[in-house]
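My questions all concern the structure below.
Order of writing sets the labels: A, B, C, D, E and F. Residues in every chain begin at 1.
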Amino acid sequence: MLECNIDDMNPEIYGYVIEKALEAGALDVFMIPIIMKKNRPGIILSVLCELEKKDALEKLIFMETTTLGIRNYEVNRSALERKVLRIRTKYGVVAMKIGFMGGKILKYAPEFRDCKEIAESFCIPLRKVYEDVQYAMKKYLESM
Amino acid sequence: MLECNIDDMNPEIYGYVIEKALEAGALDVFMIPIIMKKNRPGIILSVLCELEKKDALEKLIFMETTTLGIRNYEVNRSALERKVLRIRTKYGVVAMKIGFMGGKILKYAPEFRDCKEIAESFCIPLRKVYEDVQYAMKKYLESM
Amino acid sequence: MLECNIDDMNPEIYGYVIEKALEAGALDVFMIPIIMKKNRPGIILSVLCELEKKDALEKLIFMETTTLGIRNYEVNRSALERKVLRIRTKYGVVAMKIGFMGGKILKYAPEFRDCKEIAESFCIPLRKVYEDVQYAMKKYLESM
Amino acid sequence: MLECNIDDMNPEIYGYVIEKALEAGALDVFMIPIIMKKNRPGIILSVLCELEKKDALEKLIFMETTTLGIRNYEVNRSALERKVLRIRTKYGVVAMKIGFMGGKILKYAPEFRDCKEIAESFCIPLRKVYEDVQYAMKKYLESM
Amino acid sequence: MLECNIDDMNPEIYGYVIEKALEAGALDVFMIPIIMKKNRPGIILSVLCELEKKDALEKLIFMETTTLGIRNYEVNRSALERKVLRIRTKYGVVAMKIGFMGGKILKYAPEFRDCKEIAESFCIPLRKVYEDVQYAMKKYLESM
Amino acid sequence: MLECNIDDMNPEIYGYVIEKALEAGALDVFMIPIIMKKNRPGIILSVLCELEKKDALEKLIFMETTTLGIRNYEVNRSALERKVLRIRTKYGVVAMKIGFMGGKILKYAPEFRDCKEIAESFCIPLRKVYEDVQYAMKKYLESM
């Protein structure tokens, strides 16, 4: 986990840094709003990555942000076994991210990108697309 | 100003609603993280718009989010006179948003989109593009 | 809408004030984390209520918090027509909050309290109860 | 310390997960509001626990939330020696949590639950109960 | 109430603007962390002032920040009757802010500045100074 | 890194603790707004320090805050090589913090204190001072 506190950068830069870090192989990138000395609203920029990507990502953060120092510490990760299943819905095929525990399906969620595309081409609320896809998935599981 | 408190929606939906509201003519859309009853982290979704867009945007919020109620109140706006000036930099032409007070330039800022494009095509930090463009603008003003 | 900024109160008090304000008839109560002068993390305590409850709720806030001043301004509210429908699920009957637009069902959500009770008595994840109840509701709607 | 970033869960679920995690032996559970990619307001769910509870709590988080991965890292804890003292006040007996340093009382705070009960049965502001209990404690210490 | 959303300013500037606005007669100034479009962490800068200070404070905000527009709306204020009482404590005289309701003392709090000075000159925790001053105040009230 | 969660302290105390911790040798001190159990808005007080300062800073936190426990874990730090350069501007000499990578200047920023002093004595916006100082620095670098 890489972290740096930033209190002197134009916030327009963050969205760009996050994109770049993900392209460079970060597992996750996020921002934590904080309060720093002298009444400054700051941000902790957090980048989670594999150990072998650490140097490249540190360099990217130093290049793209105003920070002069980056903290790092090791974290372990427990992850569910995951699969992507493509299921049929009334709007067409949608990818489902599925999480397994002990070989059994524990949870599933539709791929955001697929749902967004459907919402836009069918002109229906994204919220409703999620609902309908969850429903199709549940029906599919029941039928098995 | 339209506002609604949301504590029961998948947060993946927000980015999409914000895009849709801006396309539908909202002047600004933003989210305020709040704490609601029963230990629920919520969001105030805020949409600023002209009075004549109010009904259309309320409908959009009702369609796209889980909210059952929307607050609205009138606000006045003071705005600086603005112009967009296209200035020459070593990377090419960049749009500058300029704010005037009493007929004089009070502040200016480069257009994010232009800077981002430059950063990507020239492979230099976005932070540095901003700096260079500000510098070019300042030089241009001095030369007048 | 009643609002006051608080930067000198033991935060343990907030949960209690929120409960009391809801009991006293507030429509909604929530907290916005803010940053105040002298590096103080503060809270805007916001209480939405009908005009006729304003005085009683102001008094309650003055009694129960450390604030010396309360702001208020009027807001209008647009609300969907709502009904509560009790539907049958495999766990028993569950209340659904339903929102209508133009006489048609636009959205629905299960009552938190009912789902929580089911999760606890059946020892299944609350997340799964929500899913199953949504599924039962959708099936019910399709069968009509 | 267990941590997971969540950006795709109905926030109504959090209060329930926190309760369950505390019942399952977590030392502390809290939420950090964050900003994730694609303009998503997210939450870091943080669970502090003894090493021997780690597996059970990870399982609980996987069961009850939408997360597919949990980070963990070890932290050390320095704690003040603590005692609970029951003191007499004008409202009856109240538990005080006391922190010692070098054998001396360094700080003390009344038990929230006791104060809340008093506030409700005597119909006085909770804020005032805290004050009065602190006062009784201070008097008691002075009299020793 | 004046409000502007800022997402393109070096956060080091905020502390300075807040100081200036208070010097210029603002009743209160605070910052609300928000999430703006394109994954930008922003700030609502909020300035509460009397109507006759509105123009001067708007000018100050336009001069000192990057914003191009400021919203304003009117709010009413209910305030407790206040007095400052100077009480004797074992550290010397300390100012107490006192809030009255219906002619009776409802709440009181020591002046931060006085307590800070005492903490520094006596080398004791500020937390303890607050406690001791509250205690002295309560004793004084009881003796009346 | 030292961290403690605080949900029962008057927020006026934080600014003071931060000052004290920096005086006592902390490298950085900041606050993270969080949501704790029972609807309590809390703060993680984070103190970054060298290992040899850990005990002194823990003692200070125990003395000055209400916390009964402090977490700590080790973090590594990558830092850019830094220098302070004093450059001439039209307002006088200003310190610039400069960050180097591979022996080359990667970034620079003016010292806040110097800019603030200029803004106040010349009565110009702090924002403008930053701009002018950045401009002077860039010109200086170009002339080399």
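Everything below uses one rule, namely that a residue touches a chain if its C-beta (ideal position, glycine included) is under 8 Å from a C-beta of that chain, and two chains touch if they have at least 3 such contacts.
Model, not experiment: these values are computed from the prediction.
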{"item": "Topological distance between subunit B and subunit D, in contact steps", "value": "1"}
{"item": "Subunit F against subunit B, contact positions shared by both copies (same if over half, else different)", "value": "same"}
{"item": "Chain whose Cα centroid lies at the greatest distance from that of subunit D", "value": "B"}
{"item": "Farthest chain relative to subunit A (centres taken as mean CA coordinates)", "value": "E"}
{"item": "For subunit D paired with subunit F, centre-to-centre distance based on mean C-alpha positions, whole Å", "value": "29"}
{"item": "Distance from the mean Cα position of subunit E to that of subunit A, given in whole angstrom", "value": "38"}
{"item": "Whole-Å gap separating subunit E and subunit F, where each centre is the average of the chain's CA atoms", "value": "23"}
{"item": "For subunit C, residues contacting two or more additional chains", "value": "8-10, 12, 18, 31-33, 35-39, 41-42, 63, 66, 73, 107, 112, 127"}
{"item": "Pairwise touch network: line, ring, star, complete, or other", "value": "complete"}
{"item": "Subunit B partner contacts - residues on subunit D that touch it in the complex", "value": "7-12, 14-15, 18, 31, 33, 36, 38-43"}
{"item": "Complex contacts: residues of subunit F adjacent to subunit D", "value": "3, 5, 8, 32-38, 42, 44, 58-59, 62-63, 66, 68-73"}
{"item": "For the subunit B and subunit F complex, residues of the former touching the latter", "value": "35, 37-39, 41, 107, 127, 131, 134-135, 138"}
{"item": "Complex interface listing, subunit D residues touching subunit C", "value": "9-10, 12-13, 16-17, 33, 63-66, 112, 116, 119, 125-127, 130"}
{"item": "Interfacial residue positions of subunit F with respect to subunit A in the complex", "value": "1, 18-19, 22, 28-33, 48, 73-80, 82, 97, 99, 101, 106-107, 109, 112"}
